[in-house]
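Lettered A, B and C in written order, each chain numbered from 1.
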Amino acid sequence: MRVFLQPRPLFIILSVLCFLAFWLSLALGPVSLPLVDTLRAAIRLTGIPIQGDNLEQAELIVGQIRLPRTLLGLAVGAVLALSGVAMQGLFRNPLADPGLVGVSSGAALGAALAIVGGSFFGGLPDAFEPYLLSLCAGIGGLAVAAMVYRLGRHNGQTSVATMLLAGIALTALASSTIGLFTYLADDATLRTLTFWNLGSLNGASYVRLWPLLLVCVVIICWLPRRAKALNALLLGESEARHLGVEVESLKRELIFCTALGVGAAVAAAGMIGFIGLIVPHLVRLLAGPDHRVLLPASALAGASLLLFADLFARLVLAPAELPIGIVTAFLGAPFFLYLLVRGRS
Amino acid sequence: MMRPHARLLLGLCAGLFFLPSAFAAQPSSADLPQRWVSAGGALTEWVVALGGESKLVGVDTTSLHPDSLKALPKIGYQRQLSAEGILSLRPNILVGTEEMGPPPVLSQLRTAGVQVEVLSAEPDLPTLKSNLQQLGKLLGSEDKASQLIASYDQQLDDQHRWVEQAQQHQSAPGVLLLVGNGGSKPMVAGVGTAGDWLIKQAGGRNLATHTGYKVFSVEAMAGLNPQVLVVADRELAGPAALQALPRCRPCSNRTRCWLRPRLAAKADCWIWTRPCWWVV
Amino acid sequence: MLQAENVRIQRGTKTVLEKIDLDLRPGEMLGVLGPNGAGKSTLLGALCGELKPASGEVRLDGRPLAHWSAAARAQRLAVLPQSSTLSFSFRVEEVVAMGRMPHDSGHVRDAEVIHAALQAADAAHLMGRSYTALSGGERQRVHLARVLAQLWPGGNGQTLLLDEPTSALDPLHQHTTLQAVREFADRGAAVLVILHDLNLAARYCDRLLLLEGGRPFALDSPDAVLQPDALKTVFGLEVLVQRHPERGHPLIIAR
């Protein structure tokens, strides 16, 4: 009999981990700052005037480079993990992941279309660009999610195999369309298209952060309220209906939520895969599939995992930087294969 | 988009304005940046040619010549620079072309007081000259820059004369210029690129009519039937670069293939380290 | 109380069920029998609102089923499907707790109900175990407990629909399950149960509905419905009908 962690110890551990990840992300980096300076700079940023000499560099590095990057990592990690949980609840299968199912590629395509379309009109207005990109990425992700869901449904049953295959096909379509844009484009604007393929938290700025933070807050507030309904949905759609859950509207909410979350994350940081697969899985292993625990725990765990991965990405090749999408793929793909093998035995 | 000159001036002013005391000593216009980071293989070669190698503290992954650069810390690919990574080298200046990015990183660097020089990548002679002069000024070796420009002008004049003479005997040969990247699919230089300029200077006819660099199929290349095929590869030289060409060579028996491995970078880089000569 | 009036179900152009007039009375256990493909599961689908009738109406407490909100309906109508596709390792009591979703009864009361429902389904010893580690029969009993918990304690105005609840169970548990359902009905709930085993149906049900080819063949007490010629017609089986020596209900013996 498997022993699960009780919710309270689990949340304590995850909160400590997240806190640690946050501080390490602020304290460590290619530029070596003494820890005291980091602390002082961080305190200064909150508005408390604290004494200290030579703090300008620390304030700059911590406040302008590391802090937005850390916040971005927190938000992207949490949102991707929650989208993974939502997707796995929707498809009633623990192998569903927004990336595998093609939602990330759809979001990237949406953002690419926004850039291409924007360049037709002489460039996107700077103030709105992050919001516009997030919106278009969200729409792209939504289109793919809806398509995959439709294709995977047959006679009231969801075929996971079909859904994964549809995801592969749609990912290929989205990627080649983006490739086509890249090929046809000589324009400087379109050079950013290569950005989407391998996600990175590089160049994080507060301006780009806002749409994602907004979406993050919305998802974190909304999803846990549907935790019980999500549990019931795992029994099966008819069973959930018989338990009083409005199944159709719940499914629509889940698709929308996933697309919105993934869209905002992709628009802000490019395609970062496997977080939505690994994190909910690990949390289920530790604490069981009850969504009332799974949802908040996955958000914390996803944020922590992404920050640790980013720390690695930043330091391993300093002063250059590894795209974080590579790190998560190296973690996630073997994990996925392991799950497949274990599922068979 | 601003003209390169105006942009450089603005960049220079902006850079000077934001320099904080925590970094290098407060510079006056007499003080030159001492710690250089360079992004873009060709630019780095020019910095070295102008005598600035000792000032380089970091280069990007496209800066491969001269070999001594390999010992320097690498800041990554020029389109995906890391602000903190570059700052850890404590540079005074970052030079690169418009290909440098991502833009938020550049503004973060400017805020940190690093002078960010964005030089134009237009593949024409006036740009080349003004960039060289700018680099010379920043390195404090304006004389060397003028010398290099003059010698380059001289070489080009010689080349033009030679071409005029050659053209009295025969018509301009059809040429395709391929730029490879360590053996991966070579791209054909189209109209308006540095490769195109090179072909024209050498007196040839660029058979490619597209703009920018595009990958051609072997069949398409063979269909154009070039008389001369120039292959430039960033890393491979000599026979190795030839091997990297598709098995079925797109040349007829009359075509000669020439290899010039030192033509820098595959994108719209405007600087050539030395002109390309060939004999028809 | 659940009522079906002249219900007809079509699948594409084919009529799979018709002429269904049914009244599920409180305190009564109605058994549905018939060969494979006779329309038993379709009937269940129509009665619980899964399948929309092409004509006719299903009413719950006088109001058409479609007019009920999902939450309100869930407090009065519970359905146990034939099999479950749950593949996540919830604990047994968590699965049963899902049955309490339509109710706002609080932790303490819920825990009592879960415990009682598990007892009734003879699955109390499974508490604390992971659902995915259970055998097919054990899982079926856990789902029965869930459905019982949904309507607990079961009284007038509540309806329970069960689709072959004994299919994966051993002989002892076939009886204990149906006994628990019987007790549920005795408390006032209306129960409809699809069964394959004629003898189980004869023992536990108050009335029997015999379906053949999508049409009701007979709807009456077990004594009246379980006649040799009727069974020969519907099932194609030659049988002897005797009396149970102790209980007196019909006993079907294949010849």
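List of remarks:
Basically, contacts are C-beta pairs under 8 Å (C-beta built on N, C-alpha and C of every residue); 3 or more make two chains touch, one makes a residue touch a chain.
Worth saying up front: this structure is predicted, and the values here are computed from it rather than measured.
Following the contact convention of this document, no chain is adjacent to both chain A and chain C. Farthest chain from chain B (centres taken as the mean of C-alpha atoms): C.
The most central chain, judged by C-alpha centres against the centre of all protein C-alpha atoms, is A. Centre to centre, using the average C-alpha position, chain A and chain C are separated by 44 Å. Mean C-alpha positions place chain B and chain C at a centre distance of 79 Å. Computed from the mean C-alpha positions, the centre of chain A lies at a distance of 38 Å from the centre of chain B. Taken together, the chain A residues at the contact with chain B in this complex read 29-32, 54, 56-57, 60-61, 64-66, 183, 186, 188, 191-192, 194-195, 200, 202-205, 208, 314, 317-321, 323.
Listed in rising order, the residues of chain A touching chain C in the complex are 1-2, 92-94, 228, 231-232, 234-236, 238-239, 241-246, 284, 288-290. Taken in their complex, chain B has these residues touching chain A: 20-23, 58, 61, 73-77, 79-89, 98-99, 101-105, 107-108, 111-112, 211-212, 214. Against chain A, in their complex, chain C makes its touches with residues 48-50, 70-75, 77-79, 81, 84-91, 94-95, 98-99, 101-102, 128-130, 133, 150.
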